[in-house]
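There are two complexes below, and they share subunit A, which is joined by subunit B in the first and by subunit C in the second.
This part shows the complex of A and B:
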């Protein structure tokens, strides 16, 4: 009997050692898997698993079921996870269709609400921005306020990086119109700064695009506000 | 976990920057060479070539990739990017990539990057595409993309590319390729550590333990304060220690396993290993020190679970069977509780609420590939899911599920807007029907040909006046009346040429006529110019009126067509939305089921491991009872059903 117990103990030990090895090997797979994106650790971790190639065999001896004994092995009762790639491709295809639909709706909305023959679009751009930090812009067309927009830091930064904001999209009749824009923000030396710019423009039968430009006048260490008519 | 999450966050940030860098480098041609103003913020001055392109960038720079791509595609369709076509296409590829649409991104890059792009842009595009493909498990595509990257690239990107390639080889079991690639590679120090580790692992996998040891040892001894590299260092020591244990060299393994930090993510495995090294050397008392320390930790950890068996095992080996039996009993109870908790968690997951609970705190209504789940909800099943969440498969699947949710909200919102579009079209149709009769009568009452004839007559009359120098014709009404009276007097005087009583009148008439003629002559040219100017304005007005007349007629004719065209488009889109919503619901369910299955699979595996440990604990306990009973010379107690179910005796001849 003693022989039997010694042998069992030895087998248990072997099984536990195998389990421990598998665990040690499998842990980094998952744990470092998180680093996979930045560093090649996940592969390294996965590669660590076979460092104990005999482990499953030892576990199998101890339990009579190698697959089940190996920690982390697939549980017989668990549902099969299915195919990630198939689902991923379906989600991709779905996303592409939704993006396409959004594009069509965007175009439809613009054509329906702002037909080209009456459309007026006002954009805001900012070049360099060393002397002015934008807080808000107010637009008046023909003495009527049509837009008052307060900028978030993120939006202001997007403008500084080269983004151009479509601030106002509206409709105007053919003929002469006047646009006045007021810019509020912090000027040089962090002082409150408010400036205006005006343009009189002819609205023809096609769409009209105007750009409110905030630039730096380096020589005067002052910001400059202009309105460009994109004809 | 904290470390992993932090690392992920840093990586995510770096990745976003990097992709932004890729796209910005694509934008470089936008900058105007003539614009060389100082750049206090390190941002290049820029000229805007197409407003719509700038509009896309406005959203892109705010990481709002979905709006950016929608606007970019719309601008392309509306031909609003005449000067930025190339950059826009490259940006489109980048945006698809940012949205995880690697298939579309791949198509665009393959089309674009073979042509007129700079090598730097080409390299970065292929690199990030390769990286996305790798993470999504498209290994062949990833390798193909990464191999397109030339050597003329930043050292860090080059290093990461080499690592990604070696990872692909390792995942595909191409160890010799990995060994050849990593063996000859030199790069930045942190990447070198990963390369050494991977090389060591590849060598172990090939059974070349002796060759592997120096590489793993080098990583295991490196001096670093970086949390990420410290974790790698621990992992290298752990891998090396267990490899030595496997090679039956416990004395060599022990000091290496002791190098693993006690507060690091691998400390539990290391404690377990140190205990095994001691016990392999017959030092069971010494082995109890790490194992007892380990036993106090959270039972969720598989190493801790194992310590519930190793501790009584050591006591048993030391002859302390009573303590061993107590610990086995305690292990059986703990495993029972843990099994129940796992069963409850599986039940919770099966109820289908897991994913929504995971995404409860996700307030970002954006679509981006960089999203990662950072925190787990405070729920019983959460403790079992850390391991699962650390894996790319679950994270990527969860990302897909989140994206499907975003799309569902997007489609719901559009569906409401479409109802408003239909109302608008109805209103427009009513307004049209109201206005048409008025417009028709106005158009009918306006005889543009007659007006034009009048203009022609007037022009002819002006020409006659000019040719005949009829200065009086352009006089004021008073002047013309005076001129007519003088003419009348002149006619009267002409009838009485010899009447001496009229000589005074004749003189006065001549004088007045001369004065009036002088005045009319003086202002004749100005008046003639004014009249001609008025005729020109009349001409312009007539042209405009004619255009408006045409526009009204055209609008009258087109309006029903336009309205029905819009109505048709709206109806078409409604159908598409309905179909997409149906597809989306099915896909969300599939994705939910898939992730649920992954989670349950993970929990079942954990449960099964506990089951095995429990069986082993029961078996050992029965064995202790047997041994004790035998020693006491009493009849053996009947083995309990669990013991009978233990498969171990079957393996024992």
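This part shows the complex of A and C:
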């Protein structure tokens, strides 16, 4: 999924870059160098700082020439400061557009690959976690393994701090299905711990969301594993 | 003269063949992410080392060149770990127990990860072992080497120093 997303995004970025080049071609020649320096890549996160500080003396002599300087020449001082601001603003707005388009592409991709009528999403959350150190989760839907995820220390800590992970996103037909989840980790006495939880659910027309919840049952000094249907 | 021509032709064809191999096509591209269990039981994800220079060595216990290379990499790890280099060894042995026994015997100072599925081999187009790749701080594969012979570590060191300076 991520590979397709990257492909679409890179195509979009390429087309935006081509557009930026065409826009630059219509500008005075002296401004092209500034644009090239100020906007190295549309998807770049770096700020498009003004290219080169204008030298006042050089600006005074070149202002009236209307962009007669050679392309890429070191004559940034020939450009009045106002034009730099405009270019910078244009680049900034282009960056915002790219981010918006990226977001829209992602949403569109999700809708195309996982339409609501077949979409099923499984999330993982942990509450407290004093009695269980999560190592991996395996989920099977209708007896077929669909996901096996290993958790690094950082990821487990993120869950402990309240993060919710989208473990699996897939497609299912309408009807009854069974999900079985296996949780592997270290138990209360640092021993290997493996537990399962299962749920039978009805997949309707809309998207189905299931949450695998790992909580501490303090009274029994044991972790508890539940699957919640967000119906 | 003809011998020289033949030799240079052979070298040229060999370099072309390497350059067009699937593994070589990884250079310049983001390293495919993976998460594997290490010998000490922890799970390590490649992308979590973003910001550091990473040397990933794919090895197999039956490969003599792997066995020769690993102590060299251990020395490199000891020298450059504090400068921001991470060395990871990935075993592609399907027999996990034997790989563990072998790795435990090597007594290396860097994490050894066990991959018993063919997925990483496919992602990295591993055709021959050992294979060593260098990943820069941005997660891009910058250097790839297949096989190992004494003296190769100089190339590794030059590259490592270059990427650490970036």
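Note that in this section the second predicted complex is superposed on the first by the 135 of 231 C-alpha atoms of A that agree within 3 Å, B and C clash if a C-alpha of one lies under 4 Å from a C-alpha of the other, contacts with A are read in each partner's own complex, and residues count from 1 in each chain.
Here, a residue touches a chain if its C-beta (ideal position, glycine included) is under 8 Å from a C-beta of that chain, and two chains touch if they have at least 3 such contacts.
Given the structure is predicted, the values throughout are model-derived calculations rather than measurements.
In the overlay built on the shared chain, the residue A:191 is in contact with neither subunit B nor subunit C.
Using the contact criterion defined above for the overlaid structures, shared-chain residue A:89 touches subunit B, although it does not reach subunit C.
With both structures placed on the common chain, the touch criterion links A:151 to subunit C but leaves subunit B unconnected.
By the touch criterion stated above, A:160 is placed in contact with subunit B alone, subunit C being left untouched. Of the two partner chains placed by superposition, A:176 touches none, neither subunit B nor subunit C. Of the two partners subunit B and subunit C, more subunit A residues are in touch with B. Applying the stated contact rule after C-alpha superposition, one finds that A:135 touches subunit C and leaves subunit B untouched. In the superposition on chain A, the residues of subunit A contacting both subunit B and subunit C are 154-155.
The part of subunit A that touches subunit B in the complex is made up of residues 1, 4-5, 7-9, 11-13, 15-17, 19-21, 23-25, 27-28, 30-48, 50-55, 61-65, 68-69, 71-82, 84-85, 87-92, 94-113, 121, 123, 125, 127-130, 154-155, 157-166, 209, 211, 216, 218, 230. By the touch criterion stated above, subunit C contacts subunit A in their complex at residues 35-37, 42-45, 48.
By the touch criterion stated above, subunit A contacts subunit C in their complex at residues 135-136, 150-155.
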